[in-house]
Amino acid sequence: DTESAGTVTVFAAASLTDAFTEIGDAFTVEHPDTTVVFNFSGSSALVTQIVEGAPADVFASADPSNMTKLTDADANATEPVVFTTNLAAIVVAPGNPTGITGVADLATDDLIVVQCAPEVPCGRYAAQVFENAGVSVSPKSLEENVKAVVTKVTLGEADAGIVYVTDVIAAGADAEAVEIPAAVNVVAEYPIAVTAGAPNPDAAGAFVDFVLSDRGQTILTSYGFVEP
Amino acid sequence: MTRARPRGRRVGLPVPVLVLACVAIVFFALPLVGLLWRTPWADAWTYLADDDVLTALRLSLVCSLWATALSLVFGVPLAWLLARVEFAGRGIVRALCTLSMVLPPVVGGVALFAALGRRGLVGEYLDRWFGITLPFTTAGVVVAQTFVAMPFLVITVESALRQLDTRFDDASRTLGATRWYTFRRVTLPAIRPALVAGAVLSWARALGEFGATITFAGNFPGTTQTMPLAVYLSLETNTDEAIVLALVLITISFAVLIGLRDHWFGRPDRLQGTATA
Amino acid sequence: MTRARPRGRRVGLPVPVLVLACVAIVFFALPLVGLLWRTPWADAWTYLADDDVLTALRLSLVCSLWATALSLVFGVPLAWLLARVEFAGRGIVRALCTLSMVLPPVVGGVALFAALGRRGLVGEYLDRWFGITLPFTTAGVVVAQTFVAMPFLVITVESALRQLDTRFDDASRTLGATRWYTFRRVTLPAIRPALVAGAVLSWARALGEFGATITFAGNFPGTTQTMPLAVYLSLETNTDEAIVLALVLITISFAVLIGLRDHWFGRPDRLQGTATA
Amino acid sequence: MTLTADIALTLGTLDLRVDIEVAPGELLALLGPNGAGKSTVLRCLAGLAPLREGSVVIDGEVVDDPAADVFVEPEHRQVGVVFQNYLLFDHMSVLENVAFGLRARRTPRADARRIAYDWLDRVGLAEYAGQRPRVLSGGQAQRAALARALATNPRLLLLDEPLAALDAGTRGAVRRDLRQHLATFDGMRVLVTHDPVDAYALADRVAILDAGRLVQVGTFAEVTAHPRSRYVADLVGVNLVSGVVADGALMTPGGATVVIADALPGPAFAVIRPTSITIDRHSPVGSSVRNTWPGVVADVDRLGDRVRVGIDGALPLTAEITVAALESLALRPGDNVVAAVKATDIECYPA
Amino acid sequence: MTLTADIALTLGTLDLRVDIEVAPGELLALLGPNGAGKSTVLRCLAGLAPLREGSVVIDGEVVDDPAADVFVEPEHRQVGVVFQNYLLFDHMSVLENVAFGLRARRTPRADARRIAYDWLDRVGLAEYAGQRPRVLSGGQAQRAALARALATNPRLLLLDEPLAALDAGTRGAVRRDLRQHLATFDGMRVLVTHDPVDAYALADRVAILDAGRLVQVGTFAEVTAHPRSRYVADLVGVNLVSGVVADGALMTPGGATVVIADALPGPAFAVIRPTSITIDRHSPVGSSVRNTWPGVVADVDRLGDRVRVGIDGALPLTAEITVAALESLALRPGDNVVAAVKATDIECYPA
């Protein structure tokens, strides 16, 4: 555990909003001299900002490819570490009114299925899941992020979608998850790194350590993330 | 003699005003120059050759033109109502019109769902009785774009109507023209600058519309993926491609706006000195 | 006698127009009603009591008012230039102004980075020479909002200026008023409806601005997290909270717009019949 | 078939109560000072200002009657209006302006343009047919507006100072033209004018409007013979005195006494012609002149070989004297003088 | 110190070339038909229409001279203008309108309002001080515009038909007022008017403008005594014939011959007074009348006890006869008649 003080600015993927907010609170209990400031946004927007010189100390990405963009730009100070993972799941309306039991059930035109666009990680994962399961699904829409998929299902506009487990948990009573068997599922990795231009590298290191610590991992797990 | 200044230098505007205007121009020009500066010209062509891009472009143009047309058809009457009829709740109606400008983009889509979605207030019956579903269709894109674009038309046209001298309407009606004929032949031509400005604003807004569209209509190449969505998604993987695609959008709107010529924005700066009121 | 109709029923507009206007009103009202219908009224208060929400709200108001003020200060001169001075490239300047409307939101942010970012065209020197950095500051929010909001003001005011009879300017100048005094005391008051409309459009657009802000200024509570960003984040976890927050935005803009009263949008519908030109 | 209007309306400071009747083929001229409400009366007839009370009946058709809840829109009244400010549509050519009314009534385009062209020709604007109204001078615009109103063949024609902006040369010609066209026009016409010559040349009857009330109606000769308002007196160029007659003299509210040859007791008007007034430095002694009023010269106004002298006093008067008389008296504003008039030169009639 | 203007300008169909000079304290009236360019001349003097060629010099200061590249903005010319359409600012009260020029020149608010109020009072609009101009009637608005222009104490005052919209009653009073104020005003004044009475009553000199050219300049009497344009002839009410004199007769371009008592050979104008013309059904036989022109009655126009008869022919004429003569001849439009004038009744002067 490194000693830290001052302000640590954490750029984190929007899907980490709740978990990291709690981690931040817990972190400040342990490091009372440190203030944590978060900037939640899409991972790619965060990379853009960091590359443009944003005063970030820590970058927590929702997928390795955006972290790669950061390392490609030599904007990282530490090697990226996968700090947590997420599993894909099928999101359906509460009570599962359409009676979906697995990925194979999605391969029908009677259902409105939405998934992420191939450009964003969850879209690639969804495609991977379908490939693993050997089904061909024709989605009605290729959403720009996971939350859009969840929102469409919770609002009843879509019948099912491929999202992360954590998203379904965050949606609470508005949605329900249909698990995808481990055999066909994919694991989404979340890497974290201290940035090259970090104004407060000590505190940044302390924050990354805290995320990787048991305390941090416990909090992440409570939001449905899976320890790597 | 001291106050005389050479004619060549008569700019027509006070210097401080010119300075402010130039700052504004620079403010608008800089980001474009910045974008151009960042554009990877070498690869530009490869990004553009993509079929999906052309599809998205066509869809963007078609939908934004439809949205502009719908905005004109419904927005001009609404502006007329707001400008010329005194009724309780006029302020509320006007505020309603600006609603979609204030709504954060995604919420706009959520609101459209609540109204016109499968489970929406009206959408449910549209679906059940007429079999019309808007979400995830091209029509949905048009609806979303109209929703965000129409306010510009309404507000612009209303203010022009209020500025207009209604005595010309009087003159027209005594000549036997109904309110409707008067509106078409006297009022509308007189506010043409505002009409064009409003339509341009609406069209530009529709062309650039992103949030409500992706939420309400989704993103599917060929049916609902417009250029802004394509740009947004390519930003996820490749900023360079995104910049090139954005430049295409910019080029098109530039072409249209410059093509429109000054003429359409209003009467040419006429030399005054005549007497008609 | 057949063409006479009771005075009570004189609505003032042709029926088809009224119908179209009503459709437009319904179109705007439905999403709001839908939102209200979806709002979890029971939990609303808990969401609002959040400190971050209040901070975001205050920031939104402050920034959007600044953006409106800047739009007025720079946009009105630009509109004046566009409307009254004949110069080569006028069409290009006008097209430039609508640029930010066409840019997909995030690209707007990227463009601002390219211009004013720490490594941007001008931003680099702003930083090096004056120590000014705009990205990720409240000032950056204002810049982003101004960038997207000013076009509305410019276009609206320009069209009003073009519709204006310039002979009143002539009269003013023969009375010894400089161009500037004339502009302030004669031209501006005469286009007040358009000025107010343009300012309202700008303000509403700034208030709802999301894409360029989150990209260019980031999403830091207290300094750059405006309401739309807060709404965006709460959508990540809780659609209900997002709807409640959006309603706060809506309520505020409604309050302002209705508070503005008809009066500010233009002269009251005067009874005509007098002779001043 | 006639126009019968009984108008009651309040607009700002104007309280209008006017009762007029115009017979078919008749032309009524409305005269009155600025702000009397003349234009407003026309607006009521055209349907541009709904009545508060009263009624407007054109050719037997009730077109406005608040009590009976009837109101016919302006476009269905078949009333042509030539507005005080022309109000030509600036986005159309002059020809299209004139053709506008015909087009609005669904006349085929070619016919409408032909008829409009004829009208333009008649008012001498044929060469401006394709131009925008903004290039017309004031008078040209006025003529175009006239052509535009006449082209629709209205049953009632309202003219709000149609000749006011015309130049002296054109004025006579247009006035003649107008008269000729109006002669073949079997509708009713109401003309607002400031020019007594127009009223005299064009009108069958004259109505004098003052502060929203009709003060006199009749033929031009009747009205000018017995002015009943300051306005008419000014028009005719005479002094009008109102007061109460008792014992062969009229007492004015200002306290002056006007001795009169013969008059019935009661409220009355007296007319004193400026030429009947003689001016002296002192009261004439031993003269047969029965009326002498002291006063102060207010202004001296030369008009050709005549001089008009304004005299302030208990009875303000305007006298007309010759230049020779002026020179012999050497009058300057501020001088004390005595105005004298023979009782028999004063005309008096009941108010 | 004078105003010297040498104006050349083309605007649409108008090709303006005018040379005028106004002495200090002098009032020049510009008269001319509609569209002659009168308003445009005023715009050039005010600086609202820059010259193409020529120069404008006010009080020795060159304010416009394209050749020398000099142009003084209107606000620095100290030129007051009363516009043909009033152009009052509708968003200010009437008082603020009048105070506007003073405020623009930095007069303190209270002073400006006081002076403005005095001016309003002078034009009889004090009670409208707080109102918006839109409630003013046409004439009231015109008076307010007059007050607004005069309140700035200009060194050159331009009036574009300032009295055109005034009613007959006010007109005389405002004309008198105007004259009084103008008498105490040592600047130059240019007045555009259509009313010869205004020109006669107010102007020191008269300039007649036609189609962008000055056709006559001089005192009112000089100009009207020898009309050199159709416009002036109409104004005065006489027939003007232009042609070439040879052998004691004037040949018109239309082919008519006018026998003249005595005239120098060369281009000339002849004036034939309508009252000098006699009309007959047939050529008078054995008469001493040297001029007889056959023609067709074009129109018959009764004005009081006189009748104006328009005659079309090689020499179009207007004759004035009595009602009795009209009735004895029983003239109708289309009748063939012969117009006769004694050679000694025709005035002829070189063109």
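Each chain carries a letter (A, B, C, D and E) given by its place in the written order, and its residues are counted from 1.
The rule is simple: contacts are C-beta pairs under 8 Å (C-beta built on N, C-alpha and C of every residue); 3 or more make two chains touch, one makes a residue touch a chain.
The structure displayed is predicted, hence computed values, not measured ones.
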Item checked: Those chains which touch chain B and also touch chain A -> C
Item checked: Chain located farthest away, centre of chain D as origin (C-alpha) -> A
Next item on the list: Compare the two sides of the chain D and chain E interface and say whether they are made mostly of the same residue numbers, over half shared, or of different ones.
Entry: same
Checklist line | Top chain pair, ranked by number of contacting C-beta pairs | finding: B-C
Next item on the list: Report the inter-chain centroid distance for chain D and chain E in whole angstrom, where each centroid is the mean of the CA atoms.
Entry: 23
Next item on the list: Between chain A and chain E, tell me the centre distance in angstrom, where each centre is the average of that chain's C-alpha atoms.
Entry: 86
Check: Between chain B and chain E, what is the separation of their C-alpha centroids in Å?
Finding: 52
Item checked: For chain C, residues contacting two or more additional chains -> 106, 110, 113, 120, 167, 170, 178-179, 190, 232, 235, 239, 267, 270, 272, 274-275, 277
Note to self: Two or more other chains touching the same residue: where does that happen in chain E?
What the structure shows: 39, 43, 48, 73, 84-85, 135-138, 165
Item checked: Junction residues of chain A, two or more chains touched -> 45, 48, 151, 155
Checklist line | Interfacial residue positions of chain C with respect to chain E in the complex | finding: 167-168, 170-179, 181-182, 185-186, 189-190, 192, 267, 270, 274-277
Notebook entry, point to check: Where on chain C is chain B touching in the complex?
Noted result: 11-14, 16-18, 20-21, 23-25, 27-35, 37-38, 73-75, 77-78, 80-81, 83-86, 90-108, 110-116, 120-122, 146-147, 150-152, 154-156, 158-160, 162-164, 166-167, 170, 178-180, 183, 190-191, 193-194, 196-198, 200-201, 204-205, 207-208, 210-211, 227-228, 231-232, 235, 239, 242-243, 246, 249-250, 253-254, 257-258, 260-262, 265-267, 269-270, 272, 277
Notebook entry, point to check: Within the complex, which stretch of chain D touches chain E?
Noted result: 12-13, 31-36, 39, 84-85, 131, 135-140, 143, 161, 164-172, 176, 179-180, 194-196, 200-201, 230-231, 234-235, 299, 301, 303-304
Margin query: Considering only the defined contacts, which chain E positions touch chain C in the complex?
Written below: 43, 46-48, 73-75, 77-81, 83, 85-92, 100-101, 103-105, 133-138, 141, 148-149, 152, 165
Item checked: Partner chain C, residues of chain A touching it in the complex -> 9, 14-15, 17-18, 37-41, 45, 48-49, 52-55, 147, 151, 154-155, 170-172, 174
